[in-house]
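Quick one: the structure is below, questions incoming.
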Amino acid sequence: MLTGALAADLAVNGLVTGLFYALMAVGLALIFGVLRIVNFAHGEFYMVGAYAYTIVAARLGVPLAVALPTAFLFGAALGWIVERTLMRPLYANIATWGLMRDEYAVIVTFGLSLLLVNLVDKAIGPYAFRAPALVSASRIVVGPALMSGQKVAAAGVTLVTLAFIALFLRFSYWGRAVRAVSQNRLGASLAGIDATAVSSLVFALAGGLAALAGALLSPIINASPDVGAFPAIKSYVIVVLGGMGSILGAFIASLLLGLVESFGAVLVSYQYRDTFGLVLLILFLLFRPQGLFGERGREV
Amino acid sequence: MSSLLSVEGVTKRFGGLVAVADVSFDIAPGELVGLIGPNGSGKTTLLNIMSGHLFADQGTIRLDGEPCTGFKPQRLARRGLMRMFQLTRIFPRMNVLDNLLVGGRALGLHVDEARERADALLEELQIAHVRHLDAGQLSGGQMKLLEFGCCFMRTPRLALLDEPFAAIHPTMKEIMSTFIRARHAEGQTFVLVSHDMPVIVELCPRSICMNAGRVLSDGKTSDVLAAPAVIEAYLGGAAA
Amino acid sequence: MSGDIRLRREFIATALLLVMLALLPLVQRDVYWLGVLVVSAYFAILASSWNLLAGFTGQFSLAPAAFAMIGAYGAALSATYYSVPPILGLIIGTGAAGLIGLVLGRIVMRLKGPYLALTTLSFAEIARLVASNSINITRGDLGLPIEGWFNDRVLWFYVFLGALAFVICGLYLLLRSKAGLFLEAIRDDEIAAARSGVRIVFWKTAAFAISSAAAGFAGALYAYFASLVTPELGLVQQTGLVVSMTVIGGMGSLIGPVVGAFLVYVTSEWLRDVGGWQLVIFAALVIVFARLFRTGLWGLVTAALQPRRGKPA
Amino acid sequence: MRNVSHLAIAALTLSVSLAGSAYAADPVKVGVTVTQSPPGSVVQGTQVKDGLEVAAKMLNDQGGVLGRPIELVVEDTQGLPEKARAAVEKLITRDKVVAIVGEHQSSNVLAGMEVAHRYHVPYINTNGWADAIREKGYPEVFNPNNYNRRVAMAAADSIKKLGAKKVVAFAENTDYGIGLAKGIAEQLKAVAPDISYRFDTLDRAAKDYLPAILPLRSDPPDVVVDIMLPPAAYIMMNQVYEQGVAPATKTWLYDASGLADYPDFWQNVKEAGKDMLVFGLYHPKMKAPELAKTIGDAYTKKTGAQPSRLLYQAADSLLVVADAIKRANSTEPDPLVKALEATKYTGTRGEITFSTESGYKYHQWLDIPYVTFQITEIGQKVADAPLVEQAGQPLDPSKLARP
């Protein structure tokens, strides 16, 4: 039943979805690369971004060109604060802890996620907010596929942002510093790189990107307190597939997951489409922990 | 054959590097063998292979003549082969007494038996006063003593000690060497890895010197240390 | 103080706590509050079982709620399609959770830290998604209604309290045996434990299976109590609550999770009428405790009881 | 997070031997369960809540019932059955209400009425369409609102009149959605067996239905039937339009859920709503009793919004209870249930009576009026949307405007 037209449709839509995933996952991969932890509050950065954009654009009536960066900054600020207040102990000597490093990281980020979700739920309310679309066109032809203008615009912004991030990591001093620290924290700090500052930077960046993703999609998904849970889980899957900590891996894995879900939903099962990624995650962790491209092995 | 542990043509490669190259020797019951050699000569790798933490690419290890290559550490432990690590490994969030009990109970001692044994060890190693502290709070030396003790909760057939004396206070060093001497007198078998030549000379009747993964010399400690190859190795090691 | 003395003290404290709870119906017979206490007990069982994994074995699973859900569906499905009696349903639910736990535990044996957390989280999500999307079998999010067992709220309260006591006693017996020693050893240093001759695979898998079974037991019991089983039982947020309760009460102690569960749950119900910021407060508490008082409330209490021996915090 | 705190009340979803009947105290408390937060339809919930408040105010201005004012006790269900069930338990055990009204989602009615049945407290189903609710045959449950069988018949007739050969329905994964989707299947088999019909069940919490929609692009059906509620329905409609499936020259969009008169309809859909055919339970051009105007005006005064079917259904639910209390001259369950069964009350949509036949007709107001109309302009008010099927008359294709 898979006609050429349908296949093209699924491919285009899958890739676009993958782009959005990437915006979330890259940040998570950066954090893991530098700190060796999974941020279980990543989805809440996304949620905060969605609200920031919606409130700034819809309530305060600020132009979208301003609202989007505002969302990014919101997420970045949050990420920075989180790193400063909660992540510092991770570099401290943890031998004497009642809690070990990994447990601490999981509990704290997990608790943070609960905190943010409920804070927003109480402070702003459980209602879903509708955000103004980036463009009003409700149908645009994209190659073989049709797509809502909002989606096309969001995809465009995403592409630009990702390209920018890539250049930043590749060429800027701080970009190189980030890569150095994720390869060898000790070595990097011996080489005079401020690993702590890099950690802050990475958290801010990750927070900003996730928030931007939330902002871009809020017109489609409608901001609500628990809106982050889903994209977060997707990005966990992606980070594992791409090889924990590998940025390029995360990007490619994002597109891949997008395609897998898009085709799987039609060819395999619509009902269980969301389990595909999770099954992949488990299989990868068990049989190919270094992911598709990562070199690093599982910590045993 | 009377050998307790026999290493036959064991070889281990890491990528290009040959860490252990066709090493063979036997250890008879009751022996106290010093395993010496410059850094990177393959001592620890060899020990890891003997204790089941690494698997040899070639060659076999025999315990009482039975091949036990590829056995997991816990299985070898149950066979009475005890390993003390160079980097101390204890249970930081458990108190000192429980640290010892783990070994005893795992090797099938009854609670009370294990208790008595532990108390005796604590006295002998002079760390009885910290028995109820969490091991994580001990000083480096005390931790070493504790791990040392863990190896003797149930008299091992063979104790593999990796640098027990490295970087600890002389009195603690003394406690351990006394302990070793006493047990050796009772017929306990040891393999002792150390850079501390005086201790080796003092404790070990026999020594095996390795360099670049090979056995340079094996025999009476004094002869081994006198062997030109050995001296060369150490000087070379020093020069390098 | 030695490990088993500490454990015995915690056990006695827990026993006293349960006895006090058992007296509550004398003063409070309001069905609403009895219900709240029942749910608290439900969470206390979940937290205690999770604590066996995270607190004593160092396996930081994020699937306790999922196993409770599995237990609940085990009971509900067998009741719906084979109309088995509640007792049998309980056994089926517990068994199903325990069996799946055994398999999962064996699979994730070698995984640590974030890797273990992610794998168990994914498993939990898969379980929930399957439950909520297999509409023809489970009626999906609409939930599977089952015949309540009995209706007397006071009786239910004692059933759950009994179940909790049962689980606590089981854990106590397990932990004071050599198993407790081995599990803690594995938590602290697997290699050292292996060196000492501890059977790592066996004990880790066993702990996972037992913990899962206990969670499944709680879930199955809850199914008969609520008489409606929905996939929401397996939501990650439910796990979040279990973690919070354990951390606040005190991880790695027998009594901590129980205290945490009743404290967090009853207070949050009690605060419900005044704005319902309770969940915000508790989430914040979790972070504060993890950051500053890593041994939880119980740790603070014991520290206060014997100031001269500063316990590691 | 809500899902957790809801567990507590969920704990109370059990009958209790004590506290059998909600005994009355000044004032007369009536319990209300509505959706006030997602994933359920908040818009529906708000309309119902406002409608009930308008009706309550009107009643109280006229001196209440038995000389006592009516007090509404409102609980949020989030559209989740477990919470609905818990809410009803709380209302009965804690607040001692004399009756429950307002529920507007079938799954929640099915969960909540169990509790009401156990405590033997009257339960007025304000907007639960699922036939299963009636088929349970609970004496406490009354249905002065629409039922799936009726929509199914209407939809089947319309589809037949449209001369469709191939029909696809998108149904939400609820008792309402699945129930109605199956109902239409049965009716079509009865009236037009040659029409090929299938339905996809969509998760109302999902944000992306493309995987279900894309396959239709290559071979579109003649009619796409919507059996979903907002906000999911809006997302689905937009994506169906975005993919050029419907409304399109080849394909009609038939709304079987009465979407068009939701206040936020046009905020959420644009072109996607134009040319849509709507099964309507309310249209200003329908003839209605005096009371409708009174309530309608009060509602517009209170909310500034146009009257809607849910407003009238909500109002009638409460008015029927009040009427029964007056006739029974009591708030005790038994007399109340008896009085309700004997209801012959002219509410805002006509004379309400409850059939006692078993099956889907049990305690159902059988002949609630409905119409079919077509949205012909973006942003069009329901009032201006031309009727293509008058109440009680067959659909007239000549009145239809092809997209």
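Note that the chains take the letters A, B, C and D in the order they are written out, and that residue 1 is the start of every chain.
Operating definition for what follows: a contact is a pair of C-beta atoms (placed from the backbone, for glycine too) under 8 Å apart; a residue touches a chain by one contact, two chains touch by 3 or more.
Quantities reported herein were computed from a predicted structural model and do not represent experimental measurements.
S.K.: Once the contact rule is applied, which chains count as partners of both chain C and chain D?
M.R.: A
S.K.: Give me the ID of the chain with the smallest distance between its Cα centroid and the all-protein Cα centroid.
M.R.: Minimum centroid-to-centroid distance belongs to C.
S.K.: Using the touch rule from the top, work out which pair, B-C or A-D, shares more C-beta pairs.
M.R.: Answer by contact count: B-C.
S.K.: Whole-Å distance, chain B centre to chain C centre, using C-alpha means?
M.R.: Here the centre of chain C sits 42 Å away from the centre of chain B.
S.K.: What's the distance between the Cα centroids of chain A and chain B, rounded to whole Å?
M.R.: 49
S.K.: Just give me the whole-number Å value for how far the CA centre of chain A lies from that of chain D.
M.R.: 39
S.K.: Averaging only over C-alpha atoms, locate the centres of chain A and chain C and give their separation in whole Å.
M.R.: The answer is 31 Å.
S.K.: Do you know which chain C residues sit against two or more other chains?
M.R.: Expected reply: 133, 135, 237, 240, 252, 276, 279, 312.
S.K.: Touching two or more other chains, which residues of chain A qualify?
M.R.: Within chain A, the residues that touch at least two other chains are 96, 98, 114, 117-118, 121, 271.
S.K.: What are the residues of chain D that contact at least two other chains?
M.R.: In chain D, 1, 201 touch at least two other chains.
S.K.: Note which residues of chain A are touching chain D in the complex, please.
M.R.: 1, 3, 5-6, 9-10, 13, 17, 114, 117-118, 121, 125-128, 130, 138-139, 146-148, 220-222, 224-226, 262, 265-266, 270-271, 273
S.K.: Considering the complex alone, what residue numbers of chain C touch chain A?
M.R.: 54, 58, 60, 62, 107, 110-115, 117-119, 121-123, 125-126, 129-130, 133-135, 236-237, 240, 243-244, 247, 251-252, 275-277, 279-280, 282-284, 286-287, 290-291, 294-295, 299, 312-313
S.K.: So in the complex, the part of chain B that touches chain C is made up of which residues?
M.R.: 51, 53, 72-74, 77-78, 82-83, 85, 89-95, 97-98, 101-103, 105-107, 111, 131-132, 134, 136-137, 147, 150, 153
S.K.: Can you check the complex and tell me which residues of chain C touch chain B?
M.R.: Residue positions touching the partner: 1-3, 178, 181-182, 184-185, 187-189, 191-200, 252, 312.
S.K.: Can you check the complex and tell me which residues of chain C touch chain D?
M.R.: 29, 31-32, 35-36, 38-39, 42, 132-133, 135, 140-143, 145, 148, 151-153, 156, 225-228, 230, 232, 235, 237-238, 240-241, 265, 268-269, 272, 276, 278-279
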